[in-house]
Amino acid sequence: MSASDILVLAETPRGNLSGMVAELLGAARSLATATGGQVIAVLLSNDGTPFVSGLQGADRIVLVNHPSLAEYSPLPFLAALQAVIQAQTPRAVLIGSTSIGWDIAPLLAARLNAPLALGCQQISIQDGQLAATCSLCGGKMLAEVRIQQAPAILMVLPGNFAPANTPGKAHLETFSPPVELSGGDSAGVVFRQWILPPPGDIDITTQTILVGVGRGIQQKENLEPIQQLAEILGGAVCASRPIVDQGWLPTTRQVGKSGMTVKPKLYLALGISGAPEHVEGMSGSDLIIAVNTDPKAPIFDIADYGVQMDLMDLVEPLTQAIQAKKAR
Amino acid sequence: MLQKTSSGLDFLEQLAATGEGDSPLGCMQCGLCSASCPLGHAMEYPPRRLLLRAAAGQLDRLLKSPTLWMCVGCYLCSFRCPRGIELTDGLWPALRDRAMQAGIQPPTELQETFQNLLKYGNVLGKSPRQRLQWADGLDVPVLDLSKQPQPVEVLWIVGDYPSYYPRNQPVARAFARILTALGVRWGVLGTKECALGECDRMFGEEGLFEMLVEKNRQLLQGLQFKMIVVLDPHEFRAIEHYYPRYGMRYPVEHYVTFLANRLPELTARMVRSVEATVTYHDNCCVGRRYQCFDPPRALLGAIPGLKLVEMERNREDSLCCGGGGGGMWLDAHIVAHGGYRLSDERIKMAARTGAQILAVSCPFELSRFEDAAKVTGLEGKVQVRDIVELLAEAMDLVEKESV
Amino acid sequence: MKIAVVIRQVPDLIEPLEVDSTGKALDLSSAAFVLNESDDHALEQALLLKEKHGGSVTVLGIDFGDVDSSLYAAAAKGADQIIKLLWGDPNRTPPPQQAAPMYAEVLRPLGPDLVLVGVQAHDELDGVLPAELAVCLGWPYVGVVRGVQAANGKSLLVCKEFPGAVMAQFEVRLPAVLGILGAEQPPRYVPVSRIRAAMKTASIAEQQVAVPPEAVRVEVARLYPPAPTERAEMLTGSPEEVASRIAALLEEKGLLR
């Protein structure tokens, strides 16, 4: 029964299978169990073979191999995915809330006139209907939505679904899109090159301790004592997007959707409100301690420990307390 | 006398026409301003050269210089100028206004402060609906005149830092208790309160200031009060000096003079002694600008057990904390171009007196000096307390939870 | 280059948000509204392009909230034309699928080379305006853009942001729609006096637009703030007390090596 299948877009930006794919497959699996359908992973590239092993959580793997899919570009990707969806007629299409997802999911929904739900944190079938819980308003509101029309395009927030861990024997097939992917409309956006950040700065993704700073630090010069604290902890300072936008820290220190995804042993969040764009980049941290003046800040929803305090009041005593412990 | 050139002339004559001090064209280039300026040595164009270059029509160079954003509004140059030229309230804001009109961007932190004032009516970018947050758990009633308009003796404009900033909120609560203990009939503007706007004017954002003046005109219209009392010396300056220009004339007092005028009633209620050696930091705005030096000392001197000592550079020679007129949001800029923060230097002076407590009377100074104490290693050696807090302690009006 | 920018008003997250009596939508009457942050960046990017390559900037906004102020501020910053779309209901904003055809109706006769819109508005649930608009106009689209350069008269070089501060550079054929995440520099500050002057000199062109039917494909069953359960264990006390609790905690977990 094809209208019960759940399709997952497996992204491979810069030749790496996105870390979100396993989560999407996990989410898709629980849905497919409820609908009685299959999980179909779709991989768009010039040659998808090397990624097949990472997609074993699916029942079927559909590879679309085409030279114009070698690097991501919105229009060829959209055309290819659209063709697969039209051939497979799934119940739902799961796309990560990623840089690529933010292009493809809404374009797909607009082209197909299909329902789209952003920021999905939970997805289920309830009374035979597709239901999702979506985060909006910077994480300050949740919407429970119902979607009847198929296919539903669901943009999934990272960090909310257990990765699929049942390596099955996925059936592998290739799909030749019936459309020309490199010419016509698809030529409107052409990939030119990857631009990497200037080398030299530390790599925050390899740090075991990170001190994250957000808008709450208020002034650039407040970074200095925080840097000292990070140093004493043996970690590094990273930041949410507003701080990087201000030019107070380089983009290499940005955590979140458009920055790095980090999984340190300790993430000390100072003056970070906890917008989903930031949270998705650090929610995998082992221990999260958050300091914020707003008791309702969403960061306290994901933190293990919280402190309602002006962060600058805490930084100095904390630095001293840690120094004292370490000295012993 | 300055030699005028046509391009500099219009600017300085415009400035003279504002009526802020005597005409800057009378400058004789004596350099007392530059020598007095606490950041003059670090400025590309210290005040004397600013005037010289302005007169020479070299405004473009001045407007692009980091110097433009280094004045912290301490009034020392204006105070000492033998020709009565008002640099602090006149020249600096005018240059900054010119710069922003020409599309030159002020430092980002200052932009954010402006945006906060524009959007939320407070410098901290906090929710206007939470204006009364400071009064949470307060044990005396707060009359919100925006909800229950009625005649009062004192309209207390609480101010942004005392309303929102955690370190200043206990000061606001202490002041509320003192007002109540004195039997004063007082009220606040509640969630309707809006910044009076002083730092923005000092920073040449005249349009923003005017917008805030208009907002406050609407708020104050129809309210019946004998006087306005403020905790912030800059807000005192705004109402006392600038609001009348917009046809808004209100009797206003900074809390130091308001309380000093009620010294006998205060003294009668002082039941506890504060055994400490205290030194007082004269703020620039109510201090140097209004020559209010004795009232704060009278208040401190009345506290049983308190020993008042003077630090170097006191009264009219006081060294600025660096937070005035918007300097509060320019520390990064000033440290980058000046090399140090004035508050750090000042707290060292306080420590040299041997005082355990540095008493202040401006909301900016609590956090500035506490921060300075940490930076200079004086934390735990010099405590920073608002005069209001010390009075409340002597009057046994301290926070219940901390007793 | 003729550039059009779409700006939206969104509920201000500084203020507490409330759900209306239906339990399915925000109570807009209790919310305060601000210019959507990424739209502010879209405007900045447009102004930067104009300053570098010449041309004009037209700013469009649907009649809602404090859109007049945002339009005048845009004019004060350097926008050449400001247009307000009237759609008959000033008490709410249309969802993206419904809004896109309205913007398209105004944009087509304007004939811009480029349309810039913030990539996201935090109150969007079932659509992304710039993508909807691109499909509506039949123009190429790239979102999550952080930097735009004019390559030649016919195309742009566009940087799209990826994790790890990596950018993908695309050549985008004009006309096109871009979803802007961030401009090359922070949105400029414009003095209030300039905004006031713009209120006198610039005029908002009001344009009535046809209202397409609202097709509800995603039905909201319930809207609610996240439950305060499962929240962090709060550490209370003085800064020193909290600091020593945290230090002890870190030691206990072997993080103080």
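Each chain gets a letter, A, B and C, in the order it is written, and its residues are counted from 1.
The rule we apply is simple: a residue touches a chain if its C-beta (ideal position, glycine included) is under 8 Å from a C-beta of that chain, and two chains touch if they have at least 3 such contacts.
None of the values given here were measured: they were computed from a predicted structure.
> Considering only which chains touch which, label the overall pattern as line, ring, star, complete or other.
Contact map by chain: complete.
> Quick one: which chain's Cα centre is the longest way from subunit C's?
Farthest from subunit C by mean C-alpha position: B.
> Between A-C and B-C, flag the pair that has more C-beta pairs in contact.
A-C
> For subunit A and subunit B, what's the span in angstrom between their mean Cα positions?
46
> Express in whole angstrom the distance between the two chain centres, defined as the mean CA positions of subunit A and subunit C.
Whole-Å distance between the two chain centres: 20.
> Any idea how many Å lie between the Cα centroids of subunit B and subunit C?
Centre separation, subunit B to subunit C: 36 Å.
> For subunit B, which residues are shared contacts with two or more other chains?
Residues 108.
> Subunit C: which residues touch two or more other chains?
As it turns out, subunit C has residues touching two or more other chains at 16, 186.
> Which positions in subunit A are in touch with at least two other chains?
246-247, 309, 313, 316
> Can you check the complex and tell me which residues of subunit C touch subunit B?
It is residues 12, 14-16, 34, 186, 188-189, 191-196 of subunit C that touch subunit B.
> Looking at the complex, which residues from subunit C come into contact with subunit A?
11, 13, 16-17, 19, 26, 97, 100, 119-120, 122-128, 131-132, 134-136, 139-144, 146, 157, 159-173, 176, 179, 181-182, 186, 215, 217-226, 230-236, 239-240, 242-244, 246-251, 253, 255-257
> Within the complex, which stretch of subunit B touches subunit A?
Interface residues on the subunit B side: 108-109, 165-167, 329, 331-332, 335, 371, 374, 379.
> For a test of understanding, state which residues of subunit A touch subunit C in their complex under the given definition.
By the definition above, subunit A touches subunit C via 13-14, 71-75, 98-99, 102-103, 105-107, 109-111, 113-119, 131, 134-149, 185, 187-197, 205, 209, 233-234, 241, 245-247, 250-252, 254, 257-261, 265-266, 281, 287-290, 296, 298, 300-309, 313-314, 316-318, 320-322, 324-326.
> Looking at the complex, which residues from subunit B come into contact with subunit C?
For this pair, the touching residues of subunit B are 97, 100-101, 103, 105-106, 108, 111, 114-115, 118-120, 125-129, 204-208, 210-211.
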